Structures are given as structure tokens and as C-alpha cells.
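Worksheet for the structure shown next.
Should a chain be cited, it is by its letter among A, B, C, D, E and F, assigned in written order, with residues numbered from 1 in that chain.
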């Protein structure tokens, strides 16, 4: 019985918190598809190609992981990939509240897909892509928050 | 003693969750005014006229209900209508937090108007107008989330 | 159309927060039944008779209010009284969480009974019977938290 | 790669909410061990033997499920069973708060064991063993909350 | 041992809630620097100069308080000022959730700076600059929410 | 201007989380009084004398700290000690909810005493005296949760 899980997100950019969840997930599932959301109307700092490229660079060496874009309903993507599970990382209560709502809605749309929640390492409990971008923009130290490669990409983007 | 309650919202568009609250409210109050917020600067998918029209269509047959636009402070509208109560539906904790703040502020502005909170049917606990729009946009199945008429309006809007 | 609401609680003892909710409720409903929970196994500071007596004293002069004990399922009591609504006061988030659970369970048991939530005056947002008892026990000042009569009863009970 | 998950609880008694989580879990994992907590000092309505018997009866026919008692640290039990994952069902925000704390503590005690959270069917979102016992005690209708066999056991216990 | 605290915010405009926190803070610390955030890309109703001017006017007479703009990482500003503490006012749960995240992130960036949380007077528990602006825009009564001077500035801005 | 803060608790037993808050607090205040609650009716694992002794041992070497028992209203103790501030550590949302209530109640009882909230190091975010006792009882590893001396006391108590 092969189990595939989808880990969806915007990854603008990927952080050490995301990578931590992926590493925990791959111990449970046979394969994880990191699904990079593409939304024509929502503006991101990095393009879809850049976000995928940064993920590939950051997850190099990890086995059983695939990175793919998606621009459809999450449940439709999950079905198309023959996956059974959606993984979501939760840090804080407010996170969970929104995640709960999405999970129930997705169950309504596709009853056979389960959403499971995982907690990242406590040292990443304050971490989000938005915070990383805000700190990087002001030249703050993000060495422990993202891989070195991502740090460089952020500095290039902000012309620091 | 005639009791009138105001049920305010943007209704962009009305969902089965809204309709559920209205049906529950009308068992308690003699009259419910569904107050459709009009905010010139906030963009909505549907125009004020469309939102009112969709509500009229969805609430057809229900007695003691009036649908009216408002573009003023909620408490001023409530007073003008000689209503005594504001009804708010709450689904999740984060909802309630914001609602609590609004209710206390409105009490500060008009001490004689009470806000009461009601819970929609559990099957609508994940439901919001934003989620419905997001799912409809991707062609997802919203048959159980909005009346058929609203579904058609959404499909027309998104040219599906 | 006569509307009766039940306001259930332990009232061990009644506080200014409870009285505030009752006064707000009676502006909305034709009649409010203050239902005093009696649970043989749960120990209370005041006996059922004392709790009812203190409520009667504190609500003297308010019209359309009845005080009654109950030792059955809340929904069974509500039906027997031909009431349609249960009123609950909510102060904090954690309150609401528990209340939400009870309201959904009661709806499951009796679909035609609605639970509505009301917010007490902000100055009572920290107030609970337990806190009042704790403060009274140490001789703290509870003048603004309970009616004078209740204060005296607490002092007698704690032999202050 | 065989994946075993442990689903711990008191199950005093098992409810339809527990059964729902177990059924969802077994679609993800190769084997689920339902671990029944035994705590000499914590009083339960049903004895350990009764709780296990009721689980066996309720889960009859489900494959890849084992029911076992434990009276040690959860992480020690999980290791002894060569399991890698702990499953927890979460219903409400307050649930999650406590669960989050336990999961982080367990990770501290055993870094290689992951806790994952799953959401039961929305119709069980208000359901807990305590509520079931309270309703059963008063003769309320629990037909949709527990299997028929559990209902009978509760009625026998309460001599209804 | 001189203790300086920084109280950062957008203050668009300052409210009675902010002033309440500052007055409470000055009883604890030797000096408070009210740090007015300037973010070129985030639009505010009042310009940086106007926001500082309104703060100066509202805090006139209070000793040991300095008002200064900042457009850098908060922790960098705090260090430059030789301050040791960041003060944040918290009103509601959702507030605290976000504040918690910011405080942990700031500790990560500068381990020797402590964030402390204070609660404003309960009568301001519903108060925010956004709500004040919304009410003022509709000509609502904000007499108890901001100083008279701020009220006049708001009315001028909205050409009421 | 000498500033004294009171840090109240049961400390049954003191954990690394408590010690972390005390160390952070002493950087802000001139003196911290660690106030050990004594409640004749509430049973604790360690006696008042043991709890004070363990605190003394754990805080040895830290300056400007005093450890004292109290069995009265917190605000009365704070006044008697000429302190102006109460320090509380907050970890999770549910913590804060309860703390918020206590702080507002204490302000009602003594308006000139401020409660401030501080966050312990993230690695102690899951830590509580109850959890430590539960883990110690089962022989779990608590090396990173309490000082070695406390660990020994717990093992002696549980006769491990």
C-alpha cells in the first residue's frame, strides 16, 4: 500500500519551517508532493519558476519528494496525483483556526482525502515567509530562518 | 411587544450559512431586516443591486423578512429602523473574537442595542462567501453551499 | 407570538454579571426563566435553596422573570417550559469554546431550541462566581461584583 | 515500509467520534494500535476491561487494528510497539491548545515520534465521552453519538 | 539602573487606548520612547509628521516620554536607543497570537531585548485605530475613544 | 525610583520555565519577590517548606531575588511588599485567557498594581509543573525540564 501526501503552499520563499515539516512528513509517507500554488491574481515576491527553483535547491538530497506547481482546487490536484492525504503545518492557534476551516471544506469537496496537521520544530514556531521577507528587506539576520541559498536570493531581490 | 432584529452583512454572495441563520432568527424575532452593507471603497464581486437581488431570490417565501441596503454606521441604521437587536452568526473562534470587538464598540455607540450571536448548522461551519467564490472560480462543486440560483450567478460571473 | 427564554446556570452565587445578562435578555424576550442547576454530586458553596433565595432577592422588582430549579437535561427542561431559546453569557474566548460545544450538542438533542449568546457589560468581563468566592474568602472587596445582599451571604458563609 | 500509528485515549466509553478517527486513520497507516490508558488514580466510569471490551465490540470487522492497554509514558509505549506516529483527533480550539502542548512535550521526550492531528466528521465536533455520559445519565437520546452496544452498556451502568 | 522601554506602533491616529498603555508604562520604566513606524509602502490616513504631531499634542504634560519615528527593524531601533524592553498592549486573543509571534521573532533577532505585554483599561478593550477611523468617517461619536484634538483632526481629514 | 515586581505561583515544583522568566524579569526590575502560594485546601505534591527550599536552591547565585510565601489575596501581598508590578509568564493561548481574567480582576481590586506578561524561552513553551510531575512519576527523562536538584527531589518523592 503506497501512500502519497501533498504538502501545498505558496513557498514565497521556502523557509526552514517548511523544510522541517517536509522532513517529518517523509518519515511517515512513501512520497510527498510539494505543491506550489500559482494564483495569477495574487502577487508574490518570487515568480512561480523562482519558487520552484528555490524549493528544488533546498530539498536537494531528500528522497521521495516531488515539486510541482498547481493552479486548481487543491482537492482536484490531490486526486489527479492519486494522493490520499494533505499535510499542513500548524504553528499557532490562529493558524489552526483557518486550517480547520479549509480542511472541513476540502472534505466536503472530496470526502476520501484526509488532511493531517503536523507541528514544526518549536524553534520555527514564530516563522513565516512574510516575516522572513520583512526582516530581509531591512537587512536583518535570517541565517537561522532560511537556507543560505534562499538568503542570497532574498538579498538579490531586495538589492541589499 | 414587537421585536425587530437586524442581520447585517456584505452577502457577496449569500450562502446557505446565511440563510440558515436567517431561518433560525425568524423563529425568535417578529421581523428580521437583512441589511446589505454598501461601502463605495470596498470592492465586491457582485454589485449592491445584484447582492440584494440574490438575497430576494434566496429568501422568497420566508415571511417577516425585509432586505435593505445601508451605507452608514450599523447602530445608526438599527435605530432608524426601530430595531433593538443585531444578529451575528459565528462559526469559529477567530470569528467570535472580531465579533466580540464589534459588539462592544457598537454598545459603546448605542447602549440600548443588543448584539446576539447564533451558531449556524454544523454542516456550514466551514462556509464563507470568500471560500464559495474561490471554489466556484475553479469550477468546484458548490451545490450544497449556496442555492442553485446563486450557483448560476457565480458561474455567469466567472464565465464558466 | 410569546417568546420565552431560559437562562441556565449554577449561580453559586449570582453575580452582577449574571444580573446584567438577565436585564439585557428581558429587553428581548417576553419572559425569562432563570434555571438553577441542581446536581446531587457536584458540590456547591450554597445549597439549591440558598441559591434560589439569593437570586430572588437580587432580581426583585424585575418583571417577567421566573426562577426555577432543574435537575434534568437542559433541553428537556426547556421543552417542558415551552421555551424556545437558551441564553448564555460569554465573556472570554475559552468560555465560548465550551459554550459552542454545549450549544451544538443541545441542538443535536433538540433541533427546535436555539442557543443565543450575549455579552455582559465590559466591566464584568473578568467576573465569575468562582473568582468572587475566592476573593470573598480572603476578605477582598467585592462591592462592585455582587449585590450587597450576596456580599453579606458570602461573609456569613466564610465567617468573616 | 510498514507504518504503525498509536491512537491513545481513555475511551470511557468509546464514541462515534473516536470510531470515525480510527476509520480515517486506517486509510493512512498499515496498522493502528488503539491504546487504552490505565491510570490507577484516575477514576473512570468503566473499568479497563470494560473499556477494552467495548472497543473490541465497536471496532469488530475493521482490519489492521489492535486494542491494547498502557500504563506508562505514551512515548515509551509507542517505542515498545515499534510505532512511529501518534494520532490525535482535534475538535475545538481549546482541544488543540492542550494537544499542541502534549505533542511538543512528547517530541522532547522522543524526537523520532511524530504526532499528527486529524479532524473527525463535523457532525461529531461537539462530541466527547464526558458529554455522552452526562446525557446518558439523564436518559437523553444518544443514538447518534455511540454504537448501540455502548448505549446499552451506559444504560446498564446508570441503571436506567 | 536606568530602564528605557520602547512602545512601537503606527498611531494612525493615537487613541485613548494607546495613551492608557503609555501612562501605565511610565509608572514602571524610567523613560518610554514612543516609536512611530514609518513604512514608505504602507499607506496611512495621516502622514508621519501628522501622527507624531498628534502624539505630541496628546501626551503633553507627561514626563519621561519621547516620540520618535523609525523605519528600520524594531530590534535595531531599540538597540540604537539603548533600550532594553519593548512594550505591547494586548486586548484580545487574536491580538496576542500575532504579538506572541512577533515577540519570539524579535527575541531570535536580539536575545537581550525583552517584550512585555500590558492590558489597557477594560473600557478600551474594543478600541483600535481602524475602528476609530471607520466610525469617524461615518460621523459617529468618538468622544470617549480619542482626545478632543484627535477628533478634530479626524473630522478635518474626512471633511465632516 | 526603585521598582519591585512580584512573581507569584505554586511552584510545585519550580521548573526551568519559571527560572527563565525570573532571569528575564530581573533584567527589568530592581528586585523580584518570588511569591509562593500557600492554600490550605489545595493539595500539592510538595509542602510549602519544600517548595520554598527548592526555589532557594534553584535560584542560588541570582541577585535581587527574594522568596516568600503568601496565603492572602495577591494584591494585598503586593501592596504589603511595596511592589508595583505582578509578572506572569504566558505560554499558550489558553494560558493567556485565564491570565487576562486574573489581571483585570486584580486591577479592579487594586488599580495601581500593573500586571505584565512575559514569554519564556520557546523551548519551555510546553512546560508546566503538572507535566513534569506526570513524566517524573513514570520515570521519564526530565533532565532538560528542571534543575538536577529538583529532579532528585521528584525521584525521592515518587520513590523511583
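Operating definition for what follows: a contact is a pair of C-beta atoms (placed from the backbone, for glycine too) under 8 Å apart; a residue touches a chain by one contact, two chains touch by 3 or more.
Every value quoted in this text rests on a predicted model; they were computed, and no experiment measured them.
Engineer: Could you pull out the chain whose C-alpha mean position is farthest off from that of chain C?
Structural biologist: A
Engineer: If you average the Cα atoms per chain, which one ends up farthest from chain D?
Structural biologist: Between chain D and the rest, the longest centre separation is with E.
Engineer: Could you label the chain B-chain D interface same or different, taking same to mean over half of its residue numbers are used by both chains?
Structural biologist: Shared-number fraction above one half, so same.
Engineer: Using mean CA coordinates as chain centres, what's the gap between chain D and chain F in Å?
Structural biologist: 34
Engineer: List, in ascending order, every residue of chain C touching at least 2 other chains.
Structural biologist: In chain C, 92-94, 97, 100, 104, 122, 125-126 touch at least two other chains.
Engineer: Just spell out which pairs of chains touch, all of them.
Structural biologist: Applying the touch rule to all chain pairs gives A-B, A-D, A-E, A-F, B-C, B-D, B-E, C-D, C-E, C-F, D-F, E-F.
Engineer: Inside the complex, what are the residues of chain F that reach chain E?
Structural biologist: Residue list for chain F touching chain E: 1, 3, 24, 27-28, 30, 84-85, 90, 93, 96-97, 100, 103-104, 107, 112, 114-119, 122.
Engineer: Which residues of chain B touch chain D in the complex?
Structural biologist: Within the complex, chain B contacts chain D at residues 92-93, 122-123, 125-126.
Engineer: Using the touch definition up top, name the residues of chain F that touch chain D in the complex.
Structural biologist: Its residues touching chain D are 91-94, 125-128, 131, 135, 138-141, 144-145.
Engineer: Contact residues on chain B for chain E in the complex?
Structural biologist: Interface residues on chain B, with respect to chain E: 72-73, 75-76, 93-94, 97-98, 100-102, 104-105, 108-109.
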